[in-house]
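Below is one structure; the comments refer to it alone.
Labels run A, B and C following the written order; every chain starts at residue 1.
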Amino acid sequence: MLDIKNLHVAVGGKEILKGLNLRVDAGQVHAIMGPNGSGKSTLSYVLAGRAGYEIIEGSISYHGEDLAALPPEVRAAKGVFLAMQYPVEIPGVTTMMFLKSALNAQRRSRGESEMDAIGILKTVRKKAAALNVSEEMLKRALNVGFSGGEKKRLEILQMALFEPKLAILDETDSGLDIDALRLVAEGVNNLRAPERAMLVITHYQRLLDYIVPDRIHVLANGRIVAEGGKELALELEAKGYEQIVKDAA
Amino acid sequence: MTLALALPTRRVEEWKYSDLARALGDAGFGEASARVSIGAVPAGVEVFDLDEPNRPDWVKAHYGKLGGNAVSAVLLAKARGGIALRVPKGNIIEDVLSLDFAGEGHVRALLVLEEGAALTLSERFDSHETRNVGFEIVLGPNAQLNHVRLSPVSDAVQVEEISLTLARNAVYCGHFANFGAKLSRIELAITLDGEGAEAHLSGVSVLSGDKHADVTTKVTHAVGRTQSTQLFKKVAGGKAQAVYQGKVIVAHGANGADSRQTAKALLLDGRAEADLKPELEIFADDVKCAHGAAVGDLDADSLFYLRARGIPEKEARHLLIHAFLEDALTDIANADLRETIRGAVSTALNEVSA
Amino acid sequence: MSSAALETKDTVAGLGEKYKYGFVTDIEMERAPKGLSEDTVRFISAKKGEPEWMLEWRLAAFRRWLSMTEPKWARVHYPAIDYQNAYYYAAPKNTPLKQSLDEVDPKLLETYKKLGIPLHEQMALAGVAVDAVFDSVSVATTFKDKLNEVGVIFCPMSEAIRDYPELVKKYLGSVVPVTDNFFATLNSAVFSDGTFVYVPKGVRCPMELSTYFRINASETGQFERTIIVADEGSYVSYLEGCTAPKRDENQLHAAVVELVALDNAEIKYSTVQNWYPGDENGLGGIYNFVTKRGDCRGVRSKISWTQVETGSAITWKYPSCILRGDESVGEFYSIAIANNYQQADTGTKMIHLGKNTRSRIISKGISAGKAQNTYRGLVSVYGKAENARNFTQCDSLLIGGECGAHTVPYIESRNPSARIEHEATTSKIAEDQLFYCLQRGLGQEEAVALIVNGFCKEVLQQLPMEFAVEAQKLVGISLEGSVG
């Protein structure tokens, strides 16, 4: 589904990703682990198409299509979803209103009919209950005044609502206490499906106790330096990044 | 047309709250020259008397170049003499330099801090006589000036325009303590002309009787990545009038400009007046600009809290007024000067709430 | 949704395409001779069949106007207006005194249809009474009967001068004096029509009153004059919509609106101003020089202005409140959008004269393209206004680096017990907000419209609800092409 080859990306003239290779197939969950500054967030932004992330070399193929050529909203409509580390606050725009606008924009882009407000409301309510997102939260302005946990739950709710093909979770565990983490992980696990791939980006191993990946890749200095099964996370936890990076070198 | 006719009335927008023509009356500013003197000259500071012939290059390069408010024309034509000061490149002056303006009439001054120079300037305004001062300040790259201006209570008309230009990474911190006059106006025209330049302005006014004090600022962010902050606090009793007009301009393309402006006034008497006009003029989009202004009475809850703890009302009010002014005083970096201003504030407050 | 709201909704929904209202109706017009003189004033007065006192009032205004000069303090720039090169009266021929809609020129009705203004009997159910002013003459007014039942007068100004001269004499010029300012004085001399509303004591007006203004004839100024009087304990909500056809020349619109609220009365005045703004290069568009003022004359009276200003090449407008009555309340909620070469200088004045008076100002300015957008506001507390309160929030949003956003508040207090608070911010649409929306599948313009609407929300929610929903669309349309 996703095939990244020799990807070099610069931000503000500085090269962050330096020849990254990664392949993720449908139905799989891959984890990207790495120390701070290794390029994890750059990878997630470049996949979602944020401006200012310049591809200087390499390619990103998504369902055989050149992903880099598409504007971010088209990527979203084609099933790329990025659950952000710091979900953005938009004052004055209610959460429900935002969900409706985004869902219908994606549907329009795919040539599907728009859903009416009542239909969306029903769908959202059902999915919201499972993630402990209250009716009151849906009425508040998007992410404004939400706690860290509330923001993350809302990201997962959007993921459930948009039903993406490729879900990228950028440090979804950051700022969550153990109960919130469990709730979010459960939400993610419920979305595992044969037609869906997930890329879980995290600094710590603890998220992977709850979302067990098929593969783990270690990112350091803009490259994948180690790969392995779920047991690699435990090795990382025991040895630390420094040692793993050294071992790989 | 005589130059005196050009004096602004309150019909001129920038002088709306300060009717200079009326305050001066028929006499106008007159033709006299006021005096400017300096205290002990610290080592590393150069002084030039503008009355002397053969002006050095640095005076020629900077004198008479800045400024341009409504009274500048009068000033340029009539001022004779004055003083020019220079801190050459890299000189960091530890001692405070004092500059005193006195006498009746017009006078001009120039201060140049070259690249990397640093100075603390204490400016005093003698309370007697009608005076019109034009002061130009030029800060080179990485120069740093701490400036504290004190103008004691006066019965005269006293006007000063300070024009400042800052090169890259230069930092200016100015504090303006003003206790009012028949008409008192300090006008600051600041141009942040190099990236990384910063201007931080603060000031207090404590006015009683029929005093007037006007602080007018115009800060121009001519280039991007420049910063300005302003914090002015005013207390007016009697029939006094406290005025703050602050204009922040961000020029076209000056992205990354960051500006904050706060002006607050407390009125202590039914006949006192506060006029605040914080203004933003923004021609670039990638900016952070905000201003806040407030006029009001002391916070009733705080007052009650203090009284509930046994502090008599008068004392409690005093305490809260001090607290109100205090955060504008903490910005004065030099401890001695800060204490001087604090003392002047206390004296004035005793007057106002007596 | 009430049918009234549906009605309004359809009207604004019509804005779906770029300046859809830029059509010209081809009807024979009757005009006053070009230019402005005492004769022009006499002509207008005669055309309206006005009594002598009205003519004298106009002439006095005209003589006064001759000695006045155009105000220059606003941050707007335009070539000098040649007041002698315009028509001051243009009326569709033979329209006055229609008894039923059937008699109205079908082309006029067609125009209203395009505007989405219904003039049929279904409107009774809709609960909206419409007084449509087409250039200078009020064509047809509906629902008089229903309003008559409760004693509400809602009629064209010309009719009010004829039928209720005492009321008109009492209130005309009582809030905006003839001598108030250049444009108001000009209006006093040449106003051709407008709306008159009187709500009697204790009456809650049973429907939203609504007027649509449209400038149709070329080289014509429109000078409507509106008076709304809410007698003791009454309530009225009034909606005003404005459009004009596309023309290359600039057209002048100088209206005067006077509101009077007596003891315990409340007036809510909402405007959606979408006069033709000129094209992408700044050619054409309306010069909108308007004086709107409300007088909270009675104790505990309230006047609330809400405006959505998206049109006009130049806007010069400061809907104000004189808070004369003790405990009276003034409000100003404003959205001003300036795109391309538009210039807006708009804001309010809150004059606190009475004790315990309160005012609230919420202003949202959006600048895009090469536009200049200025908020100018005065909060003035007089010595006797014990415990006066004001809160002002004034936010500007910039889209693109070629436009300007300016904030000029004047805060004057002469009472120690008064409290005035003013906050202002200027910022651009945050890149991360935009990216977040794009990532979730919203298109660029959709994302901008969404974020800007969020920014304006506090004001939009002051409008009748369904009307607000459609005003949101107008916000998006006005900003089309602003993001590259």
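Descriptive notes on the structure:
Please note the rule applied: a residue touches a chain if its C-beta (ideal position, glycine included) is under 8 Å from a C-beta of that chain, and two chains touch if they have at least 3 such contacts.
Please read all numbers here as calculations on a predicted model, not as lab measurements.
Taken as a graph of touching chains, this assembly is arranged as a line, each chain contacting the next along an open chain of partners. More C-beta pairs touch across one of A-C and B-C than the other; that pair is B-C. Chain A and chain B, compared by their mean Cα positions, are separated by 53 Å.
Chain centres here are Cα averages; for chain A and chain C they lie 48 Å apart.
Annotation: 42 Å between the Cα-based centres of chain B and chain C. Of all residues in chain A, none touches 2 or more other chains.
On the side of chain B, the complex with chain C involves touching residues 13, 252-253, 255, 265-297. If you check the complex, the residues on chain C that touch chain B are 73, 381, 383, 396, 398-428.
Listing the residues of chain A that touch chain C in their complex gives 48-51, 71-73, 75-77, 81-82, 84, 87-93, 98, 101-103, 105-106, 109, 141-142, 158, 162.
Looking at the complex, you find that chain C touches chain A at residues 430-433, 435-444, 446-447, 450-451, 453-458.
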